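First the structure, in the form of structure tokens, and then the observations on it.
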């Protein structure tokens, strides 16, 4: 089992004819993902890679190809509309890779899609991968993942790969790995991911990789204390980040004195969630917190 | 019994220090309405008529005076905000008398208040009166009403009084009389009123006074056919109105070939609702449709 | 409030909707000059605030300035449905490949703005709606979020299959919505929106009506009001704060309340008469309003009798009667007037009115019958 | 992106928020002239894109033009938290009765704009938030519907009891929200908003930060960017499409990915070193970016060693290695560099890098330790 995506996932790639969209559509298909359609307005009627039909709209992709999941690779100015289009067409899971969407747009998009019962992962995220089902929706490098019992949720990209690489090398495969994105406003947060991992029978332990900015980690810590039975191990990046400076991710900023790594680490430790001081400690902490997982 | 308002109704008058607000606040209180508060921003701390406290905001009126119903007499440019304020303060029934609110404003106000579980009657309406409970919220002339079994719902003001005057004179009192307003976008329509009258034990028959413009009457006719067991008698004003001309009420206009009196009358007749040709026929049709009501 | 085509096109231009080059002129000579400046075949179009000008001969193609002058001289001064043409728009003629319809109104049932579009432009949308309803595409718009690009693209792609044109049409839909929304419009319509033979998309007609209730905050648009193109009675009524619509009959009526006024008109018709107008004087007993109302009605030479129908509610009948007495004393009426006052204090009112020697009636029905009788005699 | 106080006040003025008269000048002589034109006591305020200028002596009251000149000459050229002052705002001094705080940000948890207000203005809102949180009033705004008059009135009435002032404050809140919304601001703040002794409400300070992601559509605001007031390394990084933040340490680092870059900095600190920077080169293996990154780091004389930490995922390690080789061949580096490449094809990558004779490390931990060691030697 896995969360969010599995064998029933039928992916439509929004922006499939673009550089990133076409590259990653191929990567996803090579891994095993069922990419059933692509969308590029004005390019409808063509085939991608000689087999995947391209449509002008997500509506057609849903109707003609029964797409149920969308992944978005269009440039930031067009991404909010792409998200809304997918939600309006009845897509229930949208994964938005696009980076650099203005906050003002996301504040408008999120209520629009929620009204339509649509879940967004991202934006500015690497996507979702479920190694057991051989399905990935996004840009994560499939080769480093292995099937297994650890759920991984993270605000980061390469830092996640670093951690997953160590987990896989130490025999700790992943149920699903989910990048929730580095922006200020995101569709799926830590609590959402923890809820899903909590309900997933394959997942026996969760690795949570947070970073400075916002209070999502603090809220996750309270939620873990109240609602999560499975062991969780955390890591927070940005302990040395100066206040008021954006550290790459739009959401990675300590402002108004909130969002520091110190507060986040304290919040987890207060509820008994072990926090790795450095990334290479994570694997050991997982094995300690969930000893029965050791291979 | 009655619909919408009864002995538990605690009214806050928005715009109580204005000419219309102060006059009608007195009229409502004279009739027996429990006017518990007034609101005029900047005039808070004073008393109206030496007894009703005036507040700066509806929030205070709800908190301090337990108001649960609001009636609005402020001028059109300020009325949309007044409606939103009442809904946001937790008022569940707002009666808006104000005339001349732009359609664009109402299209924005209606979703705002519905999200907050608030019902609006009007705008541009005479309000609501329940003679049995001796409560009126609005500007209807109390003296012509009598307690009784007939529910009256109308898009008009004086035409309603004309009909009620005849009903009362013929011994047919009213459970509740409700003016839903003459604008294009209104908070409570005929179907809402028919639903409430349907559930009200006192109401044994309903008089529905429609007019040209829109399709509210046509939708009411279908609703009556499907869901209303009580006898309904209808009248439609504006049979001689030329197309494309606004007949006083912002909503009374035949445009694009829809909203004619002819279509509305046909819709009612098709489902067996008797339609009075002239106002003076209404009382007779009610007695015929509900013979057990005759005094 | 209605505005002229050339004014609506100005709004379009400001919003970035392509319109053909054009000038509005008031003389045949100016039409000649305009056509010359444009330097291409032109269309000379009557500017009147009423539909059907094409059928009435108010729109004509001119291949050169001389012909433009000729057409302008025949169209200027023309009477179209009772309105005199005193302006024509001289505008570049475009090579039409396809005509599309796009219009926006408020959908009263859904309580949301509605965009309607049809691949059959240039014909009356009401006719399409009746004869071929599935030819009209509909898009409901969230009034706060506005038309989203994916929505306009989706609608446009049902109107055309060439993506280059779809993109242009989609942008025009978004811009027209901006016009509709910012102008507090009750209608914003392009009929037809034309695809030219050289692949451009151009609005060759434009119609924008403004919500009267919003004029208080649309001062710039209210300045576009062309009083000379409206019915003078309606202009006067608006100035007096009355609601008036001129009709073709001979029984004038003055009523308090719009619903009662409509019912009164209907009753006149039911009893075999013809109402001369709709007139709602509102809830006030102010003699000024009665005087204004009488003056407006008296402008119409068809009117043979006047029926005053007042239901006294909050405004008591005796107050209304006093107002009528004051008003009538100031007027010099040669027409028969029948007054019917019902409601609070109607007995006192009748006594007050006795001094005027007016015909009074106890009910609407009696009053209407009597007014018809007097109009015939 | 940050803009200067005088620029933010210009936005305020356009939106109708009252600001005191003022001029921005770059010389003491111009400050004299400005003070003379204003003709009242003035405040001379350093224009720097950093907080705390008051404490640093960058804000001074001048009773006449001579004093304004004097203050300007002491403030211009001043160093405030590493930034040189090259502009001062000379602005009318107002008689302050009360100071209020109003600020707007995006509430990340609620995902809605948040208006914060406090009757204690003129102090740092973070301090108020920590020491007296209930002194801050909060209003969440529907991003589509905006701040409604009843909401701004409600908030304003908690800040003052005089209704005349409440009305003014409420309007300023609405207008500030308009600025915030239209400018794609990440922060719009008036601190303090002043009630003057003669009953006016005036914004005597102004702070507006713009969402960097929105600059593509905020061209006019981007033109306000004062490159001279920013860290030169950060300016260069932005131009090269890199994400860079200067720090105070001596171990430079170049990393792919923001999270990994932060974790690398943290690791340097954990092992007893001090990171010199945050630098994310993104997902590309483009040698141009590596060169730009190295050049930016080399500007900082504190840097004693450089750690390049790349996790190769979709971008394979061998491609990254080739990029590094190309880059290093073009550069003349005098500093020790440690490279760590992990992930897809890392073995091939190590072979490729061998030709450069670079220090390589197998893990982040090893690489960091070695970089610290080299920085010390």
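As written, the chain order gives the labels A, B, C and D, with residue 1 at the start of each chain.
Here, contacts are C-beta pairs under 8 Å (C-beta built on N, C-alpha and C of every residue); 3 or more make two chains touch, one makes a residue touch a chain.
These figures come from a predicted structure and were not determined experimentally.
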Components of the contact graph without subunit D come out as one piece
Relative to subunit A, which chain has the most distant C-alpha mean position? C
A student comparing B-D to A-D should find more C-beta pairs in contact for A-D
Express in whole angstrom the distance between the two chain centres, defined as the mean CA positions of subunit B and subunit D. 55
Express in whole angstrom the distance between the two chain centres, defined as the mean CA positions of subunit B and subunit C. 28
Using mean CA coordinates as chain centres, what's the subunit A-subunit B distance in Å? 52
For subunit C, write out the residues touching at least two other chains, lowest number first. 144-145
Where in subunit A do residues touch two or more other chains at once? 108
Which word fits how the chains touch one another: line, ring, star, complete or other? other
Using the contact rule from the top, write out all pairs of chains that touch. A-C, A-D, B-C, B-D, C-D
Using the touch rule from the top, collect the residues of subunit B that touch subunit D in their complex. 41-42, 56-59, 78, 81-82, 84-85, 88, 108, 112
Listed in rising order, subunit C residues that touch subunit A in their complex are 142, 145, 148-151, 153-154, 157, 163-164, 166-167
Touching residues (chain side subunit C, partner subunit B) in the complex: 105-106, 108-109, 111-113, 125-126, 129-130, 143-144, 181, 184, 186, 211-214, 216-217, 243, 245, 247, 255-263, 265-270, 275, 278, 280, 283, 311-314, 342-344, 363-365
Complex interface listing, subunit A residues touching subunit D: 24, 27, 76-77, 100-104, 106-108, 110-111, 139-141, 143-144, 154-162, 165, 182, 184-185, 209, 211-216, 219, 235, 237-242, 245-252, 255-257, 261, 277-280
Tell me, which parts of subunit C touch subunit D in their complex? 144-145
